[in-house]
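Shared chain: subunit A. Partners: subunit B in the first complex, subunit C in the second.
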Partner chain A sequence: MNLTFPHRQTWLHRVNPAHKLMVSALLFVLVLFTHNLNVMILLTAAALLPLLFTGHPPLRLLLYASPFLLLFVSSASGMMMFGTGDTVWFRYGLIRISEESFYRGLHLGFRSLQVAAVGLTFALTTRPVALFYSLMQQLRLPARYAYSFLAAFNMLPLLAGEFLILRQSLQIRGRRPRGLKGYYERLRMYAIPLLAQCIRRAHRTAAAMEAKRFGSGSGVRTYYYRYSFTGADVWYAGYIVLSSVLAWQLGQIGPFTSAIDVR
Partner chain B sequence: MSMSTASKRSKGLTLTDILVTIVISVVFGLIYKIWGPMYDLLKPLGLHAEQLSYGMWFMAGTFAFLLIRKPGAAILAEVSAAAIEAFLGGSWGISTLWYGLFQGLGAELFFALFLYRKAGPVVAVLASLGSATASIFIDRHYGYIDQLAFWNYALFISMRLLGSLVIAGLFAWALARALERTGVVNLLRPASAKDYDALGN
Partner chain C sequence: MTAAASPVAVMAERLRLKYPGEQSPLLFQGLNVTIRHGEKVLLLGPSGCGKSTLLQVLGGLAPAAIPIPLKADRLIVPERAGYVFQDPDAQFCMPYADEELAFALENRGVPQERMPAFIARCLEEAGLKLDDPHTPIATLSQGMKQRLAVASMLAVEPDTLLLDEPTALLDEEGTAQVWDALRRIWEGRTVIIVEHKIGLIADDMDRILLFAPDGSFEADAPPDVIFRDCRSQLQQYGIWYPGFWEDYAADRLEGHLPKLVAPGTAKTICSAGAELELAAGSAGIAGSTDMEQTQPTAPSAAAQQAQPQSADSGSAQLAAAAPAPLLELDGFAGLRGRAAKVRTGKLFVYPGDWIAVTGANGAGKSTLLLAIMRLVRSEGRLCLCGVPEQRLRKAKQAAEHAAYCFQNPEFQLVTDSVRDELDYSLPDTLQGEIRDAHVRQLMSRFRLNGLGSRHPYQLSMGQKRRLSVASAMARGQRLLLLDEPTFGLDAAGTAAMMEHLEELRRDGCAIVMITHDGELVRRFTTRHWLVEDGQVHAVPFTAATPSAASTTASLSFKGGLPE
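Up next is the complex of A and B:
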């Protein structure tokens, strides 16, 4: 989601949203088939670099990226401590760190960094409205799906409002169940009315949309926003292809480690 | 009377079904996003306690089907919730779309196996296990989980299956049933010919 803080529009914003989504999704497949730690580190660097061109100030970017550290540790540590491997470096009880498991853990850490960076770049430079209009125009997503998403987005603030009302009304009645059973009770008291209200609201909105012929797939639609491919798309595709090929080639020579295949 | 009421119910997903599914998925997408940091905090222990909570990420699919009970509802819900999570800047980025697609397929498979006619606790649990299996399939390639020490690998899989069985299976079913009691589901599933026949006239 294009978070509503003010920021500059950059060339990354002008890349066609459907194009950006497809490329980002394919990058995950590329990562899935990358088993060389050197390549993985280079790919991660290539994914982190575009974050600097999202038009957000560096301090805010650091804030957004703060969960990355936890992500890296959490992805790496399990495999490092409990992975299989022959060259044992350290052993303590169940923990058994070997050379192989250490590098495999590192690989997983960089993998999750890469995935998170690609996702954050996408989220910071894409407006939902733009994405769904572009999906309808470039990838022929049926209008009833696209507009349903946009309608659902607009219900989020209403939902938040309803949550507050619910909380206040429960407070005023002094309902504050405690303990594990109370936790479940509280979950029930919030979840059921909120979901029921969601369904009612969605049903009413759908009726209104149906009346305006959003439901029928027939006929030619016109669009308020038009999206096509521009020079920014060429730059974006060029960067992704070039950086991936470069990472793949350089990684074979191995600038960082001796671990070639972490499997 | 019974025929006219029954014929109104379309077999495919109508605009109402789609919108309701997506709105529910938006709610779950928010939960999916909040769930991420919590999962990450538990994970470094390496003992897979976090896998018990993994089932939450399968819940949109099973829950949406139990309400809508039509082909495609589970996949749509799971992909939509994953998309919302990605939009909100979830730590797994766009990869959640792949997970969502496979997990939705895993659940859908079991609903299809019962010709979309069953919506009890058994089929909900089976569908949740289908989602879990699909997610384990991707994780085998993404996380090299099969290269964990055997006891750790077995722990991982059993924790994830157990967590999804409880959260995405039983809990989703209980929640859907509680919602049915509010009467709001009648908006989505009006009385069918079978209901009228059951009245005996």
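Up next is the complex of A and C:
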């Protein structure tokens, strides 16, 4: 099973992964405290822009982003149609769109889109190996956690392959239990063989890692990859700071002229 | 080799150990082992006697890293032990080959700037040629993965190599490559091996330690002595040794094989011999021939001369007289994505056929069987028991006519007990008493008596395999498709499985079986399909007449051939 797709390496790949992770987390905190719709829209635009520099073709990006676009539409429309507000624009049965709920809905939609865009940019430009090496080197993550995660990542494609075999085998057996009980039954049929296999494989992988002196090595770890801060980090940090400040400033002016605070 | 003079590399005195858990019995009761530096030692014993655990103890992996309750008066373990394990997929914790090797180097604190050269050297010594060491491990073949495991063992610069069935999951080519690589590097190092497929390495060993099922020493001697003096034990424990199949066949002819065979099955093989005799006879060969003898190709080669057609045109000709084919393929292709992974010409399978499907790992053997079962997309003509592909849209429909067994039986067993498993597979039309009777009948037919309430995962490998065949065939299908049915079985299990399939074949089933084992192809199957370059070729080796003849012969046999 192949779960990775070929793509170009860009300057975003060269940004230190730990740095990228911290900045993404800070951006999340920033949007939590953003209640101005204009600022939110501009922040979202600033978060979507780097996606074009991830080195993945635009169509594939659209495919990756499709669940988030759906999230945007559903959360925005939900809040718009069923939220509270005084200035009612439209009413039909249960649906009641007011000015306040309209802006609040848009705000919510853009907020989820912004978080998704930042997360997607991070995921598309960071190999797990690079992330954990960087976490070990920059943030002193203990090696035993870092390599355990990496070993677990390695098992995902195998797990996916086994899932397919299991599905084929259940297709042959032919019976598809129906209803709520059937759902539980199917879950059990998949989960138990997969878990049994995983536990066994985890045990074997652990033994193989120990056999390579993982736990009993020299005590001083060296690293095959070294991560430090480079020019790319300056560009990245510069872009994020500048775009956020600009968003805050320009957000006071437009694009919407009224009802800028959704609280 | 003057091993006696060398210093002790590994030693255990009065070793006692058990698996965790209160009820589990002691695995070794006061075992004494001494292995000197530079010795090559093979640990041989029946499955479950604790060889792999012992290997982990001798290498110092247990109890330091793998906690096992263990006591020993004295335990000397090597300073730098290197391991290669069985499962190519569970040995690696990094996604790329160079990163995996670097992992071992990092653990030892090798400076970063020395790593690339070190990695290149390890790969070269292990005989693994990669254009770029930064290659995803997932793109390597199983044989290459095991050589990568050898390379990463070299990265710890071991003085002792501990090999835990390193070739158990490989095809013949991969097996040979891995042993070649190991042979190049093991000079001057102590080597301890646990392995079942010992044909390629037995001669390289200085000593073989033979274990009894309870973990006690049966013998400790050079290979030639073991294979000369301990044959009865080897046979009794069901352990492979060079010449196992010859002895097996000879015992078969004499009509006694104490442990392996349930009464009555020996007879079947004799009658299979009679069949072949008939086949040979029809081709104008006199005298007694037997498929269990050491030159099984002789009669069929002669038979081919008499009837120089390809296997399938041969059977097609006789098809008019023989019963209708269970499987017809014509211009059939199994697809992976949009591309055809494997293509066939015109192929037929008749009742009484036993077809071996061989080919390298990844050649498309499994895809072929999956396509027949409608589990992957296909094109071209397929006819299962007279039902054309238009009416076989879903796997469920194909499963009415053909049974399929996956390589790993555990993925096929979905309920909590053997009885439920069989019950689950039966058609809904059977109810009450009749249904129970069917379950009981299946259990006795597949020798699962007394195991009805056992959880499928608690069965032995051989029993799991039989249960998966039983549940696959519960609907009375007469075509059986098997993906490596002897995978993971020891010699005794393999022989028993083969006898069982032979019984099914005698009852008029047809078997299509993927295998890597040339001995099984030669000794048991009646026809041979070779998958090569995405094309299925019918190999006319034992094929031409026996396939057709076996159907006709089994008919005439039922008509009252003397036993």
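Here, the second predicted complex is superposed on the first by the 229 of 263 C-alpha atoms of A that agree within 3 Å, B and C clash if a C-alpha of one lies under 4 Å from a C-alpha of the other, contacts with A are read in each partner's own complex, and residues count from 1 in each chain.
In this section, contacts are C-beta pairs under 8 Å (C-beta built on N, C-alpha and C of every residue); 3 or more make two chains touch, one makes a residue touch a chain.
From a predicted model like this one, the values you see are computed outputs, not experimental measurements.
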{"item": "Partner chain in contact with A:205 - subunit B first, subunit C second, else both or neither", "value": "both"}
{"item": "First (subunit B), second (subunit C), both or neither touched by A:153", "value": "both"}
{"item": "First, second, both or neither for A:104, with subunit B first and subunit C second", "value": "first"}
{"item": "Partner chain in contact with A:181 - subunit B first, subunit C second, else both or neither", "value": "neither"}
{"item": "Touched partner set for A:214, first subunit B, second subunit C, both or neither", "value": "both"}
{"item": "Touching partner for A:145 - first (subunit B), second (subunit C), both, neither", "value": "first"}
{"item": "First, second, both or neither for A:223, with subunit B first and subunit C second", "value": "second"}
{"item": "Overlap of the subunit B and subunit C footprints on subunit A, listed as residue numbers", "value": "1, 128, 151, 153, 196, 201, 205-207, 209-210, 214-215"}
{"item": "Subunit C residues within the subunit A interface of the complex", "value": "56, 59, 61, 64-66, 81-83, 85, 87, 89-96, 98-99, 102-112, 115, 136, 138, 149, 152-153, 155-156, 370, 373, 375, 394-396, 398-399, 404, 406, 408, 410-414, 424-425, 457, 472"}
{"item": "Subunit A contact footprint on subunit B (complex, rising order)", "value": "14-16, 18-20, 22-27, 30, 36-37, 40-41, 43-46, 48, 67, 80, 83, 86-98, 141-144, 147-149, 152, 175, 178-179, 182, 184-185, 187-188"}
{"item": "Contact footprint of subunit C on subunit A as seen in their complex", "value": "1-2, 4, 128-129, 147, 150-151, 153-154, 157-158, 162, 165-166, 168-175, 189, 193, 196-197, 201, 204-224, 226"}
{"item": "List of subunit A residues in touch with subunit B within their complex", "value": "1, 3, 21, 24-25, 27-29, 31-32, 64, 67-68, 70-71, 73-75, 77-79, 81-84, 95-96, 101, 104, 107-108, 111-112, 115-120, 122-124, 128, 144-145, 148-149, 151-153, 155-156, 159, 188, 191-192, 194-196, 198-203, 205-207, 209-210, 214-215, 262-263"}
